[in-house]
Amino acid sequence: MSFFMENILNFVCFFPLIGVVLIVLWPKGKEHENGVKWIANIVALIGFLISIPLITAFNDPRYIDTATGMRFVIRKSWIDAIGAQYYFAIDGISLLLVLLTTLLGFIAILSSWSAITERVKEYYCYFLILQVGMLGVFMAFDFFLFYVFWEVMLVPMYFIIGVWGGPRKLYAAIKFFLYTLAGSVLLLLGILALYFYQHSVTGVWSFDILRMQQLSIPLELQQWIFLALFFGFAIKVPMFPFHTWLPDAHVEAPTAGSVILAAILLKMGTYGFVRLSLPILPEATMEFLPWLLVLSVIGIIYGALVAMMQKDMKKLVAYSSVSHLGFCMLGVFVATPVALEGGILQMINHGISTGALFLIVGIIYERRHTRMIADYGGLSHIMPVFATVFLIMTLSSIGMPTLNGFIGEFMVLQGVFADPIYKLWALFGVLGIVLGAAYMLWLYQRVMFGQLDDPENRNFPDLNWRELTTFVPLIILAFWIGLYPKTFLDYLHAPVNQIVERVRPGEFPLLPVQVAVKE
Amino acid sequence: MVESLLDFLHIIFGQIDTAHYLVLSTIVFSIGVVGVLTRRNVIIILMSIELMLNSVNLNLVAFSDRLQDLSGQVFAVFVITVAAAEAAVGLGIVISLFRNKETVNVDQIDLMKG
Amino acid sequence: MEVFLFYTLAAILVVFAIFTVTARNPVRSALYLVSALLGMAGLFFLLKAEFVGAVQILVYVGGIMVLFLFVIMLVSVREVQGERRANRQWKTAVVLATVLSVELIFFVVGGADVFRTEAVKQGVITQIQTANTQNVGQMLYTNYLLPFEIASILLLVAMIGAVVLARKEL
Amino acid sequence: MLNYLWLIPIFPLLGFAINGLFGLWKVRRTGSRPAKPFIYSVGCGSVLLALLLSLGCFWELIQLDPEHRLVEQELFTWIHGPELRTVSGELVNFHITWGLQLDPLSAIMILVVTGVGFLIHVYSIGYMAEEKEGFYRFFAYMNLFMFMMLILVLANNYLVMFVGWEGVGLCSYLLIGYYIHKKSAGDAAKKAFVVNRVGDLAFIIGMLMIFSYFGTLDFTEVFEQVGEMFPTPEATWGALSWMALLLFIGATGKSAQVPLFVWLPDAMEGPTPVSALIHAATMVTAGVYMVARSTAIYSGAPDVLLIIAVVGIFTALLAASIALFQQDIKRVLAYSTVSQLGYMFAALGVGAVAAGIFHLMTHAFFKALLFLGSGSVIVALHHEQDMRKMGGLKKYLPTTCLTMWVAALAIAGVPGLAGFFSKDEILWRAFSSGHGLIWLVGVLVAGMTAFYMMRLMFLTFYGEARVSQEAAHHLHESPRVMTWPLILLAVGAFLAGYVGLPDWLGPNRFGDFLEPAVQVAYPPPAEALPAAEPLPADEAHHVDWQEIGLTVFSVTVAFIGIYLAYYLFLKHKDKPAQLREKYRAIHGVVYNKYYVDELYDLLFVNRAKGLGRFFSAFDDNVVDGAVNGSATITRISAWLSGQADIHIVDRIVNLLAQFFDSFSTVFRRFQTGLVQRYALFFVVGIILVISLYLYLES
Amino acid sequence: MPEIPQIDNLWEFFRENSAAIGPQLQLIIWGLGILCVDFLIPAQKKGRGAIYALGGLFMASIHLYWFWGISPGPAFYNMVTLDFFARYFNLLFLAAAFLTVIMSYRYLDIEDEQHTEYYALILFATAGMMFMAGAIDLVSLFVGLELMSISTYVLVGFLRSQKRSNEAAMKYFLLGAFSTGIILYGMSLLYGLSGSTNLNEIGRQIVGLENNTLLVLSLFMMMAGLCFKIAAVPFHMWVPDAYEGAPTSITAFMSVAVKAAAFAIFFRIFYLAFGDVREIYIFALAVIAMVTMTWGNVAALTQDNVKRLLAYSSISHAGFVLMGLVAGTDLGVTASAIYLLAYTFMNLGAWSVVILLRRQDIPGETLEDFNGLYFKHPAIAVLMLIFFLSLAGIPPLAGFIAKYFVFAAVLEVALSSGEAHSSLMVWVAVVGALNVVVSVYYYFRIVVSMFIRKDYLPAPLSFSAGLVVVLVITGLFTVLIGIYPEPFISLARAASLSLT
């Protein structure tokens, strides 16, 4: 058991590969496809289950690296010639994202059961490889390793969109690939610049992210590196002017692809900002802050407005992502502790609610094969369970209190508002909340309310048990975060405080923990 | 410009030295280049290339004289050898080409482009 | 005397070189090239490089040019009257080649100062000029033994290559 | 029993969970609906339990010493965020708990909510009896609403209050859109929610401000600090004023005040019990409650109080005038509700918090009753709501008619009934605090109210029957499950006023009870609110006469309204048409609700949509296009050919695409296949390299 | 003027010096052997020449292995050396030649041009490359270059009955000879200026001549000629045509080995001879590198012929390798060396798949020929995908490590203090980075054909044991260099250290 626990991150990250091997070895042919599906589902489920000890043992002193405060550190030499290491570790931020990934990976795979009928073996292989790439990004604390995983997931995602996507899948897939790759290569240049600077200061060739977080880089260099990193992450997020790949990719991708894309892939960009841009380049971040806020806010409002006008459900949800991630970025960039924590929580929330919304769109798409809002109407007559789930997720997305979205949004807003200089940016954020309610409820109304007059829609079956199973964990999480976010926020305090200490040194010292429940 | 023009005049009317040979070789080299660029017949192009190689030899030998060093002359011998080898292979290519296409005009040889 | 000889030979070289690249008939072109190469050989002699000069005449005039003529006879027996000599790009080409040569000469003349400011060294060539061939030979077989051997392989390869390419059946 | 305070909202929540989940499960499993008795017993039973518990709590509360009538119960930590700096530079934790509090104000509210709510639940059993599909859904939503409303009023901090605040909005959305097959219902639901959200926007910003000034959102802590942090009253516009104003804007959304009142009349698309419960008795009063709750803050912002008073009375006037001409019975009541809410805000604005809450309570009774009565009529007429197609229903619906008379007279301000006491209290307070104009308008509105309520009664129950033949055939009184709630509410509407007698008649128990809960943080400046102070004893007698005189005046006005209605709608029935003809222009404007909806569409909705459309096109054409241009050279030309757009931006993109296109063709054209061309490039390359050197050197 | 030495004991002399040319000797001997035994091989079994060629390559490898740890000094009067740089490149050439030979024999059967001379010429060309890599003297360098070039001219025109092959040979030859003339012109001037043909000596002599226009001219002429050999823009025009017309196996060989050899002498000359006069050429070279990357990639975007597409891609890769030279540091050499190594495997792999598609009567060169390959031969398609991803520089594959190093090299210079060309270097890096993106587009056009389109051409692929071995080896190394590049990096680093 201790071997398992000591190498748990390896297991969590690479376990899906076992599934890949099994699936490749599995016999071909239509009659064996169910086996493939079972393997993929079971592997993904186990992948999720073995990530649970990460929480239970998170505070176990045996697995805490005392020097850095990281947990479950695995550190091996890899490419000595350039100082790149095989360095896996997690902290609170990573923990949440890793668990989100394993959970949503499982859900996405489960949701594909009947949606994917062609080239089943490949599909699941790509999905499991994608899973490895995403998990690696969130665990890698070596910049080189980070970059490797960062790029690795591009290829399976390309295929998932390109093979199983909609009519313009090839266009969308290559657009996704090229766009994000353009960001990544610039990111690579930024990484190299950091690498050389760190060597020139310390004389050590190393890609260790935690070491880089201790550098104090001259402002001008910081600005250049920040720009390089910014392109990489902003395209991934995507922030306002770099977002145009997103609607295309989402619309064309198969349901599970959209789910993963929205829930996890986009988080890699925000995670990059949180993990790298902010703590490594604090002064540059502050220097660029007004511009970053402008872009975030434009993203919030612009995304919402464009979403309002969409006729295609998936596009609508996709643009809502642009808007929601604007929120995340607003919180992250302002970098007061509350805002940053809210931003990170909002990343998780967006994963849950937008992931679920894509599942929802996928479910009716599977029944009728159109995503045009106008083709539906009155579905709640025949699909009451679905209507309920849809409603909950809509509310989660528009920030209804007691559901997850509200906590994140409110913390972001409160955090922004607490900044003496940029407080008024919070107002734009609030505007986004109103617009969000408008387009999401309009969508809900057009799809679920009204007469069920289209004969093609008459015989939609309600959710089956498998479909319901995909939603249950998300709904539970949505309420959990909405009602008792402390569970999640507790993991974030320490890392967030470290980041804030870099960006705004001395402004927000840790207060002693107080239990403020009045009796 | 004026200075180099004066230099040029000085070279023409002064004692014959290495610079004369260099200029001469450059002229011959340029003539060869013109031949390569303008003639249609492959064989004449090949001959123009020979001219270019020869101009190099002139350089080498002139330097050899100037430096009182035999390496240049040896180099020139190698250049001649290589020129011979190239000529042989080149003419072989011309023949095989002619056999298939019935032409030695380079501007009619554009099967592959774009 | 040296000046006279230089200019005469240079004139021969340049004029015949021009003829070579402008002659309509490839045979004539070849013959002009022979003349130009002879002029070149003369220059070599003028530079006291007897061995290179001799090789020039033997290999070039005696060998390579014969090969050329042979191939010319083989492939382009009929000469179409009125067929263009030059390709379509020749005007551009001439202009560009002129630009290039101007640049080359500009650079050569600019850099040739090095050779004029220093006094000419009294080296081996003037000292033992009678033994030029011997010296070259000795160098070929000692200092340049390896390139020499490689060159032999090179010639072999050229031979095989020519055979491979030119033979009807292999 | 106070320890079980948290159970009060939990019961309805359980009811919601049981009904909702069981219903869904049953529907999914068998395709049929669960049995109605089960559903309504759960639905009503849970509310009944909540009511009983509320009564118990209330009882215990009044046993307490008036100074200590504040019970707080913190359940668990909600958000425990990291450090935050307040405006004063103090470092605090972003800490918010799930907490409830019971004080006189919330005690009254829970009684109203559970009491009226219970009756309406019972009424719904009858009203919704014909529903097949959504019966379980209806009760589930109603229970959820009860839960949310109770959370709203029981919250001990702003954020938990906001949970209820949004939650009731959600339930309102769900219940307005209850008839899911009706498009108008869906539209109305969405409109209600979004308009509410506009108000919430201000509420959220208000909360942000409160937290960043006080470092907490707890009511008690905030209100303590208001006094501490602002030791002198701010006569000028300050942070407190902003907070107050923002919270008030939030209230205008929920409580349908100008300018955000437009959603409430449309909300009548929902089932009538919903209108009664949510859009008359409880939810819409949440704004009033919230402002009353924040009295401490408002007392530091006298300017805002004035704004509230003006907005309130203006809303009252506007809505009353619209109500004069409405033909839809429920719309009359809806505008009446808006108007009465305006009254309550006017009360708050003039500093008469207790009076406002008092009116809130009485209004809950008689307005719920009115709605339920109208529901009874509507059911009897098979969902006919147009008053022009009613008339003479008294003989068919005697109980309904009678109970509605009680309510109508109550709202009209006929002495002795609940509405009289509360309304008069407000008018008196307005007058005595020096807001003479508000008092005058208030009296006018009272007259108008009397007029349109009587119009409603006469048109509906008297005169000749204009009911269609087939509807008339089935006319009968509603079942007892519907009439009993009517009767109980009528009793309430009759008696509720007696807890808050005017000074000249007896003790105002209600006001005394409420006083500690709505204490001001510090007294407003003397010149702003001269009469808010308790009046000196020796002057009381004199003042009494003044008060009585004013009361007589307002009652007279109300009776004039009643008589006018009688004259126009019962005596000379052709008059209204003549008048309508005569003042066609004015009537048109008022009848069309002053074109407010159209104005909003023009100003905001269309702008937002237009902007969205513009951005959408921008996104498709420009941002996207630029990317395509650099990524896929060939595709873009094909793509662009399909674009007939001749905008300048498009033309630029076109040029860019052509540029790249020619770039690619040029590249391929270089590759002519002619070897000498290649050699020429070689030469050009050398020339360029040398020229580059020359250029760099020079 | 060095003293003319006397060789007293030829055997002794040879014994002392031959270590440095051992691999070349093996190749030449075996090549001659093939020619000698040719008449013994029956006409139908000329493919046996491949076995002899493999023997030669094997022996050369053995020799290389013997001398791996020992560094024989400069031999033959400073003509040639077998330093680590040379050994590194020799290894690379041997690998390329080995793979080329085993991928060829079935291909030549299909083309119906199975002759033993082919294998001999490959061996000679490889020997020529080795001489180039080891050359430290202009003369030996030149002769080695010509040995390689002339062998390659012949190999390009080896399909004598095909017009495209003739044409390719003609174009390659004419331009090659032209570039030879230009390189020679540069060499002659360099000789004149420095008075020596030894590269180290030249490097010492030209110090102080930075402003001499003759030196500049000589440098640029040599640069132009070498750029021709490595196919850098605007000297690249022959590449698409020659690559398209040549036998595919030779195209593969040219695109890796010939290019690597040209880079080897490029590095030798520019580090040993011109190392101190970087100021003259750095800007021009940077511009060439940037233009090369971009031109190659953009031109490849619209190609439908896979051979031409890969030809253009190889042009852009030359631009990337040039980045190492632009950096002009140890890391630069390391980067280019590792790039060339990675490129050898991934590019040969890609070409071998193209060969696989050359079937009887089907050229197998257009994009359509790749349609649906995945459905018929998933393993091949996946391998091709790996090669393409690697070529595009996606981790964790060899191409990524390669690209990483060239970017690192350039950025190291950009960030080192006191560097005058910082912004230039940054530009090079940024242009390179963006080109990575462009390249993905056309590689993925083929990937789309293979994986998403379905109309598969029913003819069977031309499998052979040799091709399978090639695919396995190249695939293996492409992944291995990506995942565990440590040993390869050490090799490349050692090579770079021995150069400077």
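Brief remarks on what is shown
Chains: A, B, C, D and E, in written order; residue numbering restarts at 1 for each.
Convention: a residue touches a chain if its C-beta (ideal position, glycine included) is under 8 Å from a C-beta of that chain, and two chains touch if they have at least 3 such contacts.
Everything quoted here is computed from the prediction, not taken from an experiment.
Considering the contact criterion stated above, the chains in touch with subunit B and with subunit D alike are C, E. Counted as hops between touching chains, the shortest connection from subunit A to subunit B is 2.
When the partners of subunit A are compared with those of subunit D, the chains appearing in both lists are E.
More C-beta pairs in contact connect the chains of B-E than those of the other pair, out of B-E and C-E. One simple way to say how far apart two chains are is to compare their mean CA positions; for subunit A and subunit E this gives 43 Å. Computed centre separation for the pair subunit C/subunit D is 100 angstrom, with centres defined by C-alpha atoms.
Here the spacing of subunit A and subunit C, counted between their Cα centres, is 71 Å. Each chain gets a centre from the mean of its Cα atoms; for subunit D and subunit E, those two points are 77 Å apart.
Of all residues in subunit B, those that touch two or more other chains are 18, 22, 29, 32-33, 36-38, 45-46, 62, 66-71, 74, 78, 82, 85-86, 89, 92-94, 96, 99, 106-107, 109, 111-114. Along subunit A, residues 174, 178 each make contact with two or more other chains.
Contact with two or more other chains is made by residues 87, 89, 93, 96-97, 100, 104, 106-108, 110, 112, 115, 123-124, 135, 139, 143-144, 147, 151, 154, 157-158, 161, 164-165 of subunit C.
Pairwise chain contacts present here: A-D, A-E, B-C, B-D, B-E, C-D, C-E, D-E [touch as defined]. Of all residues in subunit D, only 674, 676-677, 680, 683-684, 686-687, 690-691 touch subunit C in the complex they form. Within the complex, the subunit C residues that touch subunit B are 2-3, 6, 10, 13-14, 17-18, 20-21, 23, 26, 29-30, 33, 36-37, 40, 43-44, 47-49, 51-52, 55-56, 59-60, 63-64, 67-68, 71-72, 74-76, 84-90, 93-94, 96-98, 100-101, 104-106, 108-110, 112-113, 115-116, 120-126, 132, 135-136, 139-140, 143-144, 147-148, 151, 154-155, 157-159, 161-166, 168.
Every residue of subunit D that touches subunit A in the complex is listed here, in rising order: 20, 23-24, 27-28, 72, 74, 76-87, 91-95, 97-99, 133, 137, 159, 162-163, 165-167, 170, 173-174, 177, 180-183, 185-187, 189-190, 193-194, 197-198, 200-201, 204-205, 208-209, 211-212, 608-609, 611-613, 615-616, 619, 623-624, 627, 631-632, 635.
Subunit E contributes residues 1-2, 4-7, 17, 21, 28, 32, 35, 75-77, 79-80, 115, 117, 120-121, 124, 127-128, 131, 137, 139-140, 142-144, 146-147, 150-151, 153-154, 157-158, 160, 169, 189, 192-193, 209, 212-217 to its touches with subunit C in the complex. Residues 170-171, 174-175, 178-179, 182, 216-217, 220-221, 223-224, 227-228, 233-235, 237-238, 240-241, 280, 283-284, 287-288, 295, 298-299, 301-302, 437, 441 of subunit E are the ones that touch subunit D when the two sit in their complex.
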